[in-house]
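Okay, so chain A shows up in both of these, paired with chain B first and chain C after.
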Partner chain A sequence: MVRRQDCGSPEHQAHRRLFLQGSMAAGVASVASFNGLFSIPTLAQETKKQGKKCILLWLCGAPSQFETWDPKPGTITGGPFGSIATSLPGIRISSLMPRCATIMDKLAVIRSMSTEPSEHFQGIDVLTRGEAPRPPFTRPILGSVVAEQLGQLDSPVPQFVLLDPCPEGNEFKSFKAGNWAGWLGAEYGPVRSGGEYAIPDLLRPESLAQVDHEDREALRNFLSRKYQNEQRSQAAAGYNAAFDRVRGLMSCAPLFDLDTLPAADRERYGPGAFAQHALQARHLIENGSTFVMVANGMPWDNHVFQHEMHQMLVPEMDNVLFQLVTDLEQRGMLEDTLVIAMGEFGRTPWLNEARGRDHYSKAWSMAMAGGGIRGGVVVGNTDPMGFEVTENAIDNRRLFATIFKTLGIDGNEQYDLPDLPTFHRVEGNVQPIEELLIG
Partner chain B sequence: MKNSICLIAVLPRLFAIASVKCMVVCLLVAIASGHGRLTAQEASLQGIGSQGIGSQGITSQIDRRIALGYSKASIVPAEICTDEQFVRRLYLDIAGRIPTLAERASFIEDRSATKRLDWIDRLLVGEDYVQNFADTFDTLLMGRASRGKMGERQNHWRPYLEDVFRSNRPWDQVAREILLARPEGARQAGAVWFLYERNDNAQAIAEAVAPAFFGIRIDCAQCHDHMIATEIHQQHYWGLVAFFNRSKNAKTNAGPRLSESAIGGFSEFANIYGSSYPNLLTFYESKTIDETRPEKDAKQEDSQELYLPATNPEDPRIPKFSRREKFVEEILNGHPRFAKAFVNRIWAMLMGRGIVHPYDQMDSVHAPSDSELLDGLAEEFIDSGYDIRGLVRGILAARPYQLGSLRPAGAEDPSRFAWSIERPLTAEQLGRSLQIALFQSASKDHACIADLRDRMPEVLPETFVTDVGDALFLTNNPKIQQMILEASKQDGLVAKLALREDTRAAVDEMFHAILGRSAEQTELDTVLEFVQARLAKRPAIEPISVWQSAVWAVLTSAEFRFNH
Partner chain C sequence: MQKTITRIHDFKLPTAILGACLLEDHNQMVAACMDGIYRVDLSTKSHQRIAEHDSYASSAVFLPEARMFVTGGYDGKLKWFSAQDNALVREQQVHSFWSWDLALSADGRWLASVTGQYLAGDYKYAPAKETEPSVKILDASDGRVAYSLPHTPSVQSVVFSHDSQWVAAGNLMGQVRVWDVATGAQVGGFESKDFTSWGIIKSHCYLGGIFAMEFTPDNQELIVCGMGDMRDPMAGNGKQLWQRWNWKESKL
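Entry: the complex of A and B
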């Protein structure tokens, strides 16, 4: 008697034979350890496939341009910190950033960011998605677009990872609860991890042997696919696809374990979740992730005692960016890995009564490195007090056009999805910032 | 009732015209009107019409309108589902869980000609119906909440919701009790919680009232007229806010209450173009309530003369001009969306999607798949005195609810309801069904339910996506594993299976307990091989652990995860 399972393809037969013999588990046992994963040639090849990657250091809350990339020492509102010379003749940055000053020739800084929204939620929307919202349509966030365009969905390593140890953070908290992947669909959403909020249920229950764990999944898969095929069920297909990712994700558990990283590296990046996650981002990119977003709640929103707060935050960011860019270069990965460090806007030139700086989106700064971005370039300028952009104003669209261009993604492409009006990856047919592009 | 009379006159002509065009339609008419050979299921369905009390009109409208939709689109709908499929679906939709083995057997063995309707009626007066609908309405009206908030709801809101469904309170009365929030007697006390939990946030209240009672979302209209559903204006948003912006939470000796001021709450809202407008007392598809507005910057004096004392001295005094009362009496009362929104939501709960989909965006962008059906059902619902149970029964008794779940060839459009649309179990349904499958009994407070709520919060999602986190949860979460370990003791399913001498019978029993059906031959053979290969292994694997794996595999298969 010929038995039919699934669609009857030989693949299913082999699959079925393997699990019936209980050898499924034996065959993949080595996957349980992270190193084991990459001792399997096909997987190793896949994950090392060349392609551009991106790390976004998301400085949520919005850092001050005056205490970072565009200092105005000696002016009445310039603040107490001086400026220092950099490896780029004639270019000075805040004295809170001595390490980045030594690698300015590798960094690209835009001092003429000028965007619309000056409230957090709207600012986060525009600077992570590239465009203001047009409800009810939800534009996918940068990481989802990059994962969809450049990622390998069949890779066990998650393509878009959000590292954020802080479940709180005012508007960023509500933003995080929203729909990140938008019209691309949830499969392009981030795997969220970080700090104590590691990926839940990633480890096999202790009471269950590895062999049982693998075998029962094989049986589940057989029964569940049979239902999916016979019902021609999209919902069941999605359900089964999620289970397909489980084994891969579990095999990556060590990737998410900070303790597996060398102590010397961890010390170099420094204590604190933001620094450690930046290191973890490097590790994830090295091992097959395509986009890693590093955030830490919303610490930069310093309406009160801005100088004191920035005195703590900026040197940490300075070191993290320095270590990351230096590491990537030493590993030969900087050419293909774009690093972006920015928030959702800047801070006011003037101080408020609480010695804080408030939101300011008219003239602010951000930095990038690697991934085809030309180092040693400073784009645009602001007036002596930092009130206005005096040269080469850059908005979110031109920034995103530049990011997409350098990653090799067509910014003018139209999203062609059912029930969707015409949307482009970047609206308005804007041009990337040519002086920043190497290629 | 006007619609249905009109329909009866038109219907035969439409069929006659269509049937000339297409042979398929002749067949449809035969099915729709009950001619031709009757299967046992058909016969059971026939009996329904004669017995449904107060819901007949609903059932017959659905059957007529939906059949007309099939013929217009030249679709042959799925067959009526089997008793096995029906009993699982009915229990999930009404009792909020799969049936026990005994309940299922009792249904299958029932020889009554009207058994489907009999069981619908039986389940609709049961406590499981009360709990299931209270669960769903809690989420639809209030949203998911932290465990702390859920605990507070247990003391106030939950008993009220349960009483609503247990006593089949008319929906218009429920809406009035919730929005007027002046409870008369203990049974109404919890009604205040809808407003109270929103903690004096009038915008949050407005954004909840619009979908809960009118089936529309107005959040977008906060800053500008709705850009897409252009009939929803910014003044509707701020008008709805104004009806509630004089209300404040009040802790009284009688419990939480909503006080209301007689003054204040006047403001202007600015649109994105910089113009500003007064926040008049108005709402979508409603009139504007007259109210004397003070001159700009004029200070209003509050005084005792502006209030009446409450009947119960513990309750807050009542303003003579009460915005909340005006809203309930003059906006809510008789609002053209009110009945339609409720009918559409119940339809969505039972049919997998609304006549307007998504069920809470009944605006000009989301047209009903059959506006006459929606209007007709709303009218029937109003005529029935807003009888919730009658509406539910009317839909369950209709043919579209009882179709098979396999999409027939040629039918693409789910809004025709030509097959039973697959839908995920809610966290509560899943948690209870897991218990029934493993222990043949379920507690609504089982520890797994809170975890499932956190993990799978969605109810009636517009589109359903399984997150990889859900799969990780079902695979590795210690509580799920713990349930299977518990079922390995005493009367648990795993323990019973492991004791069986006859492995083949055990496999079949497992399918019955979890999926409510016999194992098909390929399934039987496959699971049998799986089990036997492991039992024969040396060193031997404990039977209990083999059955734990098998039970887990069936419980986490897609067939269990969905209602179909």
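Entry: the complex of A and C
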């Protein structure tokens, strides 16, 4: 669906002024509201009724395709791990992934990802937003788009949640400090939780009676909304929005408490932070969130001792993906919940002197399941050493076109401002990967 | 006593060498490499790829009396070869995961091989408990397993004392355990936290550990080496670190 917009609203004109002055800093953009950029198309409304949701297992730092979805055992580039047969005849994956091997008929694997950026920040930008930057406007991250298009804005449960316990993360840290929601506005940014980012003080203190708490909130709400209306105060409106969000968070505090999750489930997913937060992601999706991004810093960037680190990271990811897909299927949610497991690029076929693999964006792999994605499909191929894509190269645009299509979001939506370039949700009028789409 | 080390040979093999041993005349070397096992003639600087493991070859030792060499590999196997013609004499699956390192006792009687996969054991990625014995002591002549000994994965280095009485194994977490070879009883151990890094910057997981060890000539102390602490293990910026421990007076 292509929809040209030229709304000319005062708010957009203000942004255009800033644009022309070249003064739109990222911080400004992050709190500005661009709700009118894309209207919610009919298709997305329909999808909202169906309740499409998404969990992104963000494998930040970039996992090796050789030790995951595209093993090359016995070659000089292949590394020390072998390959194993899967439930798909003729398809083998790394021996580090025995659990996913049993559900390959439910997974879609792209072995022919080929993208431009080979540095982390730029790669994260492109693989979470779908496109390289066009300053000064900041394209919203996938989670913000999904939250805006498919989320329940009146829900007390945050629609976009980032679970990441690592306060650092190098380039990912820089990225996290930036503007995630872009032109959609800060209300579509993520609520962050996990580890040191457990959301504190969500529970009402016992010393404060519920009736007193409600009385105080009613008084605060009356006075601030009166001030907001009489003074036409954007600041007061912002404070009120923040209070609404806090009130929502207080009402769903247990969702952010790992200790409330069943012990058997926690054991099944595994003890590591990434695994525990993947389980929490399932819990959040079950209870009303629309998009949950699970990360754990940038652990996949194994420039040193690649195989010594991947021997731990890959089995954890293998089990997490298996448990998530299996759980969602058993709950009847897989059809409507897209699970994506990917990083920002892949890793070099060769090892460096520290026995690490460096960044490689020419030929890498990722996986998806559910949410309308056809399982049992392996897209593309690479040469015997894994240097080049030999069949059906997929770039970030086609990947995002596919993700949006399967979630029922119009990838061709566009937005025009007078005298400014036209933005599309997915640039280049590219087509989704049809073989991955069910119906 | 001061020893001077002088480089007398300098050449390259096609892929990285993870372990090596000199053969009887010290003019021949067996190298365990990422793409197989190489026999190297040090005098002519020529090499020949003679065999392979199903994964990287990780270590090699020479049995002088039997005139055989034994290699360990990331396929978890040990392989015995004739030093005369490189023929495969015996092959044995010792671990289900990698043989990280292999050592031969000074009397030539015992082999020790160490294994262990680093898997997440808790929220902050301390290693999970072993799923198979991490240390195996074998009769070098026939491969019979004499002892299967416990440790915390991954166990990356192993060495015998010079009198063949003790065997020590060091792991990812800087923990060293020492056993009596005759009985399999643990007789000592220590933990040095200086070799292991928990990633603060990029990753909440562990990297490093003890990469190699050697008993002092009197067997009273152990010299251990690895990488010093790094805030960002992925950057590989740890400095080479050596420590000397009185293993008998330390506890683990």
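The rule is simple: the second predicted complex is superposed on the first by the 376 of 439 C-alpha atoms of A that agree within 3 Å, B and C clash if a C-alpha of one lies under 4 Å from a C-alpha of the other, contacts with A are read in each partner's own complex, and residues count from 1 in each chain.
Here, a contact is a pair of C-beta atoms (placed from the backbone, for glycine too) under 8 Å apart; a residue touches a chain by one contact, two chains touch by 3 or more.
Just so it is clear, the model here is predicted, and its values are computed rather than measured.
Asks: Of the two partners chain B and chain C, which one touches more residues belonging to chain A?
Replies: Counting residues of chain A touched by each partner, the higher count goes to B.
Asks: After the superposition on A, what does A:355 contact: first (chain B), second (chain C), both or neither?
Replies: Once the two structures are laid over each other on A, A:355 reaches chain C alone.
Asks: According to the stated criteria, A:134 is in contact with first (chain B), second (chain C), both, or neither; which is it?
Replies: first
Asks: In the superposed arrangement, which partner chain does A:316 touch: chain B (first), chain C (second), both, or neither?
Replies: second
Asks: Under the touch definition given earlier, write down the residues of chain B that touch chain A in their complex.
Replies: Touch residues, chain B against chain A: 220, 227-228, 405-407, 422-424, 464-473, 475-478, 481, 485, 521-523, 525-527, 529-530, 533-534, 537, 545, 548-550, 552-554, 556-559, 561-562, 564.
Asks: Would you mind writing out the residues of chain C in touch with chain A in their complex?
Replies: Residues in contact with chain A: 15-16, 34-35, 54-56, 74, 98, 117-125, 128, 154, 199-205, 207, 232-236.
Asks: Where on chain A is chain C touching in the complex?
Replies: Those residues of chain A that touch chain C are 61, 76, 80-82, 165-166, 168-170, 172, 195, 270-273, 275-276, 296-299, 301-305, 308-309, 311-313, 315-316, 351, 354-356.
Asks: Please name which positions on chain A make contact with chain B in the complex.
Replies: 3-5, 16, 19-22, 134-136, 185-187, 189, 191, 199-205, 207-209, 212-213, 215-217, 219-220, 222-224, 226-228, 230-233, 235-236, 238-243, 245-246, 249-250
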